[in-house]
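Dropping the structures in below, format is structure tokens.
What follows is a pair of complexes built around chain A, which joins chain B in one and chain C in the other.
Our next item is the complex of A and B:
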């Protein structure tokens, strides 16, 4: 792969078509979060999607291609536009900073087809949503979907402060009886025990937010006797930086160095090797890769592999997991 | 090309027949001279011109007759079509997928006109024309899944996806190879596959499920499956086993070429966008042994596959009793010559189904 191929796209995954889009609107919601809207370059409607779905946004940052997943948070019944909301992460690996600083209205970008790893359980008599910060985004589309199909829902949304409460006005304006907002800096906290205690049979609980919030909600629900099959969570797993390490790719006959700020999957793609992926967040299992040889320690960070698989040293999920040691040989 | 629809039956006098075109495009399922289960999935993104793989939903000369047969089955047994309450949205997804696909792929046969939620559907072969409101059940004569699958060849399993599993929560099943929607409704992927021999031990279902859970919008997949049927029966259901099971005893060396059919299922898998459900259409193609052996490569290969199939599979597929008679017939067409790799009858075509 050479650098003078700016229009090249990622290796096709499962043959799925890409969506070629133009940035149609950018709006700053507050100091941290910016909303991006897209329309298709060919002018036709987007494919329908289900609430909770994400799209992978391809960003051409100079010679570097970044691929970040973001929840689709526009109205699933309005297919002229897709929208995402991006929270600026100054300590992150640069994807959100690229979106905030470099992307302009009119820019052309490439999105993946929608993929849902946080779908509603449509058997639920009631959907109870608990959101923290930017974790509100998948619920916005799910609420629109339920409103269109007559679903029963209730939202409890915790933000740091009124200044940083993305979409608070829209939610409380449209759905004042279904939405409760909590501001950390005003010492408002979700009374989870009481909330869970008062739910009708057949309620499903969904949580999206920081890891601490997810653990708290899941643990509290379990302690109150909720079946875990009724408790759903989406955790935004971003690849974490780490020490550089070397990898040999057996099938391609290539050896490469994974940098401190790139993931193993990104490093493999950088060399032009076709590697499958869907979520890039350790959840879907698509990038599961066989380890042929290793001498060192795996830093497994995914939600996919079973514990025995992680301990076996025979599998790795290159989208989020890393390695420290002397030798790592992958069947790729 | 304008399709001519056969005037034919799949019961009573069995006037079903395949034209030369239907024989040429039959989805022969064996890519080599032996058969064992595999996760034999590939993309469902078109295929060679005029093959059954070319369109998203193949419409062929049997269309009108198959739909008449489905209506009869439903009259006798309405439980062949079921949908659990949470699958309503998936029903609309399926209606949209089929109407959009058919109107784009066969514009001379089907038309779909949309203005917002006001839809207008024209099905010329069946003489159906309806105006309705998308997502409003009260504007169609049937619920959306039943409405559209009464107009589409093949069985349809609509699978809910949750808890890392797939659930048989809706379907239209009237042309099945001896399984029952009424029995399987609500079961998960491992439960409804429990009766299949050998494949569990080989880990086939665990791998197949992982693949299916990851099928996404814009990237449908397909595979072939097969069994044997005496007489060109579409409805070989457990509910009617007392009617068709006994027909397996009517084979003679004289009639086997005409009566014994290879039954091939073209199974496809599409993610449904609004509900995140998965639809699994199972399209049945029937061809008599005497038609198959008109392709020398297929005749040779079918003899070898039937001869060498493990006993468990021949039993499960229901032809262990008739295997000797089948081989007596088929072996006449196997001269022992080598066969080329791949499913196509002509050796100069690049094989598409690699596995």
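Our next item is the complex of A and C:
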């Protein structure tokens, strides 16, 4: 069996293929961030991935199945192990708390095949990375990929404090001339105008971090003339809670109630309907679903649909978007 | 007529827009012939660009040069041919930073070749604005001998290198900045339809 051969016993789904893994190591990096390492149960190597790829981790939390995307931050040239780093979010929906509190070394878990929505543009003459907090994770894999292939890169990494600076020591130790660290609580901030000024033609800019940082970097770059084709960002949206609403699934002949704290996609899956997905964060477009009939208001939260599609009332991204109103019928 | 509406074609065929002002520290404007009029229109809409503009212009046999020069751009170069201008274009691109804005206007041959230089410098081609003006003549590659013929105005045409009769395709190579010409009488040598003007 090769590393890429599909596991014939695995259930076939419309979503990504699955990887059956065992937790091989857990390391606490600081008060908020913990690294989890996985090896395959069948002992073979993982499928190859490129820097910036993520995997969707399935968590069996009692009766509830949680599916959260995390960037792979291990070395793309070492396929014995996949690693993710999880920041604990006490106000979140519970996925990160489950990882921090329930997952133990030796546990068996299920991961999706890797999927890259934040790939390096390999035509770039220079890769300029801007990271905020846990947004460092995709860059860790990209930096290893570029180090292995002789790429030209530079990292500007902003963290709250030295205590919460995940991987700062590793980065400044290995790459002291390519890495600049900024600590919020020491009043150190990225001088973005100055940083963008004079970057040579062929530079690609990548940003991963809080939404405010992504908007700031994209807007500043665009205002100084950078084409958006050279500005890349990754932002996973967590589904937001909202009012419960009813949905009819036309093809499946089912009617269901989406709860306040679950997404439309999760509710569809709860009923056993096999709906497509990849990122579960409103970015990839895989779960795009046709609306057959509606009477109410769409709460579109994705980055995928164009504005005219959002206004048309004919499409919805069930991973992050919701609905308020009387009738919603989906072609699912 | 200086503007031409190309009929819809295969995806390979380049499409052109209308130049619009965008932010940038330096505005590199490369044009030939009637392409000058596109810059004059742009300068009329956004006069503030002119003081930051580097204009590289190949007049061919038109008389736009004086009006273009009169805009008083930060730098102005006028050359007899694209080959004469290309070393300057390469130098400007190699010294440039990401706050450079590139505008190309004129014939398809000029736009394609300058776009190719910008791509080789590391600039994404989707970020480069182009506006077609003037002649619909094409830069063609003979797919048999690989020779390139500039300013092809008829279909079919005779390869200026190997002499084959070539069918003018809309199949375009961004890498070569040229349309592809394929032998039209390979099956029956000599059976060549009459040459007619492109888009006539």
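Observations
One rule holds for everything that comes next: the second predicted complex is superposed on the first by the 315 of 332 C-alpha atoms of A that agree within 3 Å, B and C clash if a C-alpha of one lies under 4 Å from a C-alpha of the other, contacts with A are read in each partner's own complex, and residues count from 1 in each chain.
Throughout what follows, a residue touches a chain if its C-beta (ideal position, glycine included) is under 8 Å from a C-beta of that chain, and two chains touch if they have at least 3 such contacts.
Small disclaimer: the values here were computed from a predicted structure and weren't measured.
In the overlay built on the shared chain, the residue A:47 is in contact with chain B alone; chain C does not reach it. Residue contacts after overlaying the shared chain place A:252 against neither chain B nor chain C. Once the two complexes are overlaid on the shared chain, A:230 sits against chain C while remaining clear of chain B. Looking at the shared chain after the overlay, A:123 reaches both chain B and chain C. Of the two partner chains placed by superposition, A:30 touches none, neither chain B nor chain C. Applying the stated contact rule after C-alpha superposition, one finds that A:202 touches chain C and leaves chain B untouched. In the superposed model, A:172 makes contact with neither chain B nor chain C.
In the overlay built on the shared chain, the residue A:220 is in contact with neither chain B nor chain C. Annotation: chain A residues 123, 229 touch chain B in one complex and chain C in the other. The touching residues of chain B, when paired with chain A in their complex, are 43, 45, 85-87, 89, 93, 96, 135, 160-163, 210, 213-219, 221, 273-276.
Residues of chain A touching chain C in their complex: 123-125, 196-203, 205, 222-230. Put simply, chain C touches chain A in their complex at residues 22-25, 93-94, 96-101, 121-124, 126-127. Put simply, chain A touches chain B in their complex at residues 13-17, 47-50, 52-53, 76, 113-116, 119-123, 145, 148-149, 229, 278, 284-286.
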